[in-house]
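Chain naming follows the written order as A, B and C, and within any one chain the residues start at number 1.
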Amino acid sequence: MLSSSDKSSRLVMTDVCKSYGTTQALNQLSLNIEKPGVYAILGHNGAGKTTLINCALGLEKISSGNMTTLGSKPGDIKAKLRTGVILQNSELPDLLTVNEQIELFASYYHTPFSVTEIIDKCDLGDFANKRYKGLSGGQKRRVQFALAVVGNPDLIFLDEPTTGLDIDARKTLWNVIREFANKGKTIILTTHYLEEAENLADRILIMKAGKIVSDTTPQKIHLEAKGSVIQCQTRLPQSSITSLPGVDSVSKKGKFLEIRSSDDTATLRELIAQDPQISSLTVSKPSLENFFAQIENSESAQ
Amino acid sequence: MNNSFNRTMRSFFLESGAEILKSFRAPEFILPTLLMPVAFYTLFATIVPMGPESAPYLLATYGVFAVMGPAIFGFGISVANERDKGWLALKRVSPATGGSYIAAKVLSTLIFASFSVASIYLVAGFAADVSFTRATWASLLMIHLFSVFPFILIGLSIGFLCNANAAVAVSNILFLSFSALGGLWIPIMVFPPAMQSFAHFLPTYHLSEIALAVSQTSGQGDISYHLLVIGVMTALLALSTALAWSKQRNS
Amino acid sequence: MIKYTFPITAFVTVLLLGVLIFSLPTPETEQTNSMDAGTSYFLKNVKLFDGTGVVEQTHILVENGLIAKIGIDIKQPPKAQLITGKELMVIPGLIDAHTHSYGSVLSDALRFGVTTHLDMFGPEQGLAANKVHRQKLNKTDRTDLFSAGTLATVEGGHGTQYGITVDTLVMPEDAEQWVKDRKANDADYIKLVYIPNQNRIPSLDLATAKAVIKSAHDQDLKALAHISTQQAAKEMIEAGIDGLVHMFADSEATEEFVALAKQTGVFFVPTLSVIASVDNADTSKFLSAQSISDPFLSMEQQGSLNASFGNEIHGFDLSIAMTNVGKLHQHGVPILAGSDVPNPGTAAGCSLHTELELLVHAGLSNIEALIAATSLPANYFQLDGRGKLAIGSRADLVILNQDAIADISATQNIHSVVKNGHLIERTLPETAETSVLEHTLLGDFELAEPATFKSLQGFSWSQTDDSIANGKSTAWVKRVDRDDVAESSSNSGALHVSGEVRAGFPYPWAGASVGSFAPPIKSYDISDLRTLSFDIKGQAGNYRVMLFSPDYKGIPPTLGFSVSENWQTISLTLADFPTINPKNFSGLAIVAGPQPGKFEYTLDNVRLN
């Protein structure tokens, strides 16, 4: 059934469709993830991120197409033994301690990390003997992550791992995730935090309506999004700014104008010359946020 | 092969341990399920007995009552809860086996039921002057512990079909109506005829009749009839549980 | 820690359950000691009748419910309890081949050394349980039961008058299924009633009776018949019956009959005891004096012994029956001992002993009488391990103080009874408490409700008629005002009783009763009282007062009086009631009958003085 090349692949999807009634959750989706690293699947709610992960785990059956996880049919025990997961909205038993949860979960795998090793790696030492019920949100998510990695898996799915966490908790988790990625694990996470993808991912897959509309890297995004974003308050009308040198587009953001320019030096020079009273001037490199907005716009323009 | 067997056993022991710890760490579960049967039994068998035969009679029926609580609540509410919280889904995508999870819960329920039944036997033997032969005590214990199985299946079905809130309500309704209408609290002979015939549809009635027959305390009718009915009921429950299980997997 | 949780908890639980099971109280904890000593008895230097023959002197070891050893050279094990005495005689536990073993009959019989009953008609509900019970060797306080279950009869026929539901037959085609049903209900053999050619009560016809016998044989069951005439007995023997459970007492057996009986191998259970009672025969000349004063007779047994059938039934002559027994026995026709207890005039257990005496007077030797109550029924009914005392037999035995080979009445001089290897405690059942009753008012009917009495617990007034015995009489009672006194008077109330006595029961009655009739029956000792008095007026005629006691069987003590259309006070002396048992009074009835017809009377101021 499977070609030999598939075996080295961690996640391969070919023309995969998944529909619930008339809703098309995955639409002719193809994907091939072979290498270690962090893969961020980015998209709005309903874009099909969780469906993709559930299909990859075998929790849901695909309607058509081909799909292998770690060279096996999704949900096969061979794949499960090499997979770790944080499911969306999934909680652990309240009354077991962190140690107990990890020891139990480790026993499901053939070559797991030791409990102490995992506690150390995920930095759970401070609350290893506390019951899950008494932990903070961030601590809970780190315990969930510990369960996802305790089996020493090659492929780790994290479905919105940082949703609902404050920025400190989020950053702590990022560090732990990054560490595992550096050790040769393939981590596929879904997020709608652009910052998360930008900071964490080696590769970013942007999903919309069941399709991957962009497969890129944070670096490429920076390259592709040439030029700068200039924000300011000015008396000049929008129409006259459009004709300034280097300007690609102008948009109004509240009382500010946002000017995209492929040659920020030329644009700025002319801008200040035409309106000496210009205020609140900032210049920045475009972020994933902008890029995502661009993609969205281009999609809707089509 | 041996290695994989050891690993499976180790995992199963941990799973059972986790189930036991979960049960024993939940006082709101322990207290009613362990104390209610023994408290009721003490009340009706020793403090206000209704006749000289009421202590051994009620022992047979309250034994069924004692194991029903851990089985219906332990399975119904805890499975529904863990399914709601996504713990079951996480187990399903992990290499853990579903059988190990169920078996661990069964063993933990049996241990729990043992304590519940044992406490009633203690009161019966040492406070209510019930005496049976060694063999009768042992077979009564076997019958009572065996009685958890139909209720486990009922609990599992509840767990698979209801959400956590509904499971609490449904478990309580079944628990109370099975107890009362199946004659666990008062003999069905005092019921109107229609209710007496209704009792024949309840596993509690047949299990308590078997227990009564085993303890030779005025069990009525042929024990093989009750064994047959319980066998059929258990088989039907197993079937419905399997359906509920596949329904929750696909939803 | 979590990895040890399960093994430790499981181990502790199993351990606890084990300890629990082995520390919970058992009935044996008190019995174990006595049982170890009790299940093992060493009967030293006894005379043995083993069911067929006599051993003058031997030892018998009883162990685990069975006869372990017999012989003069066996040693007494240290644990065995020694039973010895001057001239003790050991006989097998007796087998009564004709009983109706309901109520306390089984426990009453055991006190008299009767360890196996062959029931000839009774309810079938308990038979399955009895079958299990009789196979065990546990300590028990009842006689083992084998039973015909119900009997084969027609609707309204003999057997249907006792208030037990009887599955009746209509025609020969019913027989096969009927026998199947008996087998399914755990009957051990089949009994049918064949009493043709009389107009008292309907009976099976010959064709149906034959079909029942054939179906029984087809299904490997013995068929037995209740007959009352020589002609019926002859027809049954010709139809292949295995045994006749009464001796006919209408005519002396002809030579052809004896020859036929001998040739076919049919056996008889003469039940002379009950024939004597029906015949109102004076049996005292045949019997030793001890039975009636026996301290082991319960109140119920005494009541049953003292009761009578009450009316003369033609065709029952004890002397003819005894002559027939003698004739048949002389020609080698097997005679089995059976008492037909607890019919009026007989009582569980003790009547089998009197039956043995009657059989001896009819012509059996003492040892033949013993065989008739031991090995002979065991052989004919295939009662393995019973009726004989050999190594391996069940330890059902009677130890007598006297030699019954020399004097058959010695079977009544019981030293002790062993059942299933256990000595039986020959204690009487606790009788219901009786309170002594001083003069009392049983009814002045002043209150609207003629209900219960504060002074007489459990007593109340109600109508009574023979419909409770499937008769057709009816009666109504209602409280009325007396017409001869002012309404304001304290004696203005009375009880009006009306109804109709109809034929349909041998001794029809209808009227009003006061007393305790539903269990638990309450009874009073009225031996200090002399008279019963009451005011009555009504339709002129003869009426009767019947006295009840909880142990009554058959016709209760009855006295008649006459009523006129004017009020009169009747006063009856209690001592005039025949066979009254004043220590055990549970009620009385004032009734019309037995002559049929409508009646009505008004009753007031019923007193015992």
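Going forward, a contact is a pair of C-beta atoms (placed from the backbone, for glycine too) under 8 Å apart; a residue touches a chain by one contact, two chains touch by 3 or more.
Note that this is a predicted model, so its numbers are computed, not measured.
K.L.:
Need the central chain here, defined by C-alpha centroid distance to the all-chain C-alpha centroid.
P.N.:
Centre-most chain by C-alpha means: B.
K.L.:
With contacts defined as at the top, give the pair, A-C or A-B, that has more of them.
P.N.:
Of A-C and A-B, more C-beta pairs in contact link A-B.
K.L.:
Using mean CA coordinates as chain centres, what's the gap between chain A and chain B in Å?
P.N.:
Their C-alpha centroids are separated by 47 Å.
K.L.:
What is the distance, in whole Å, between the centres of chain A and chain C, each centre taken as the mean of its C-alpha atoms?
P.N.:
Whole-Å distance between the two chain centres: 94.
K.L.:
By the touch rule stated above, which residues of chain C touch at least two different other chains?
P.N.:
2-3
K.L.:
Using the touch rule from the top of the page, what residues of chain B touch 2 or more other chains?
P.N.:
In chain B, 10, 14, 17-18, 21 touch at least two other chains.
K.L.:
Can you list every residue of chain A that touches 2 or more other chains, as numbers and ranges?
P.N.:
96, 100, 103-104
K.L.:
Help me check something: in the complex, which residues belonging to chain C touch chain A?
P.N.:
Residues in contact with chain A: 1-3.
K.L.:
Report the residues of chain B in contact with chain A in the complex, numbered from low to high.
P.N.:
Touch residues, chain B against chain A: 7, 10-11, 14-15, 17-18, 21-22, 25-26, 82, 85-87, 89-90, 92-96.
K.L.:
Chain C touches which residues of chain B in the complex?
P.N.:
Going through chain B, the ones touching chain C are 10, 13-14, 16-18, 20-21, 104, 107, 111, 114-115, 118, 121-122, 124-126, 129-134, 137-138, 141.
K.L.:
Quick check: in the complex, which residue numbers of chain A touch chain C?
P.N.:
96, 99-100, 103-104
K.L.:
Can you name the residues of chain A that touch chain B in the complex?
P.N.:
57-59, 75, 77, 80-81, 83, 85, 87, 89-93, 95-96, 100, 103-105, 107-110, 131, 147, 151
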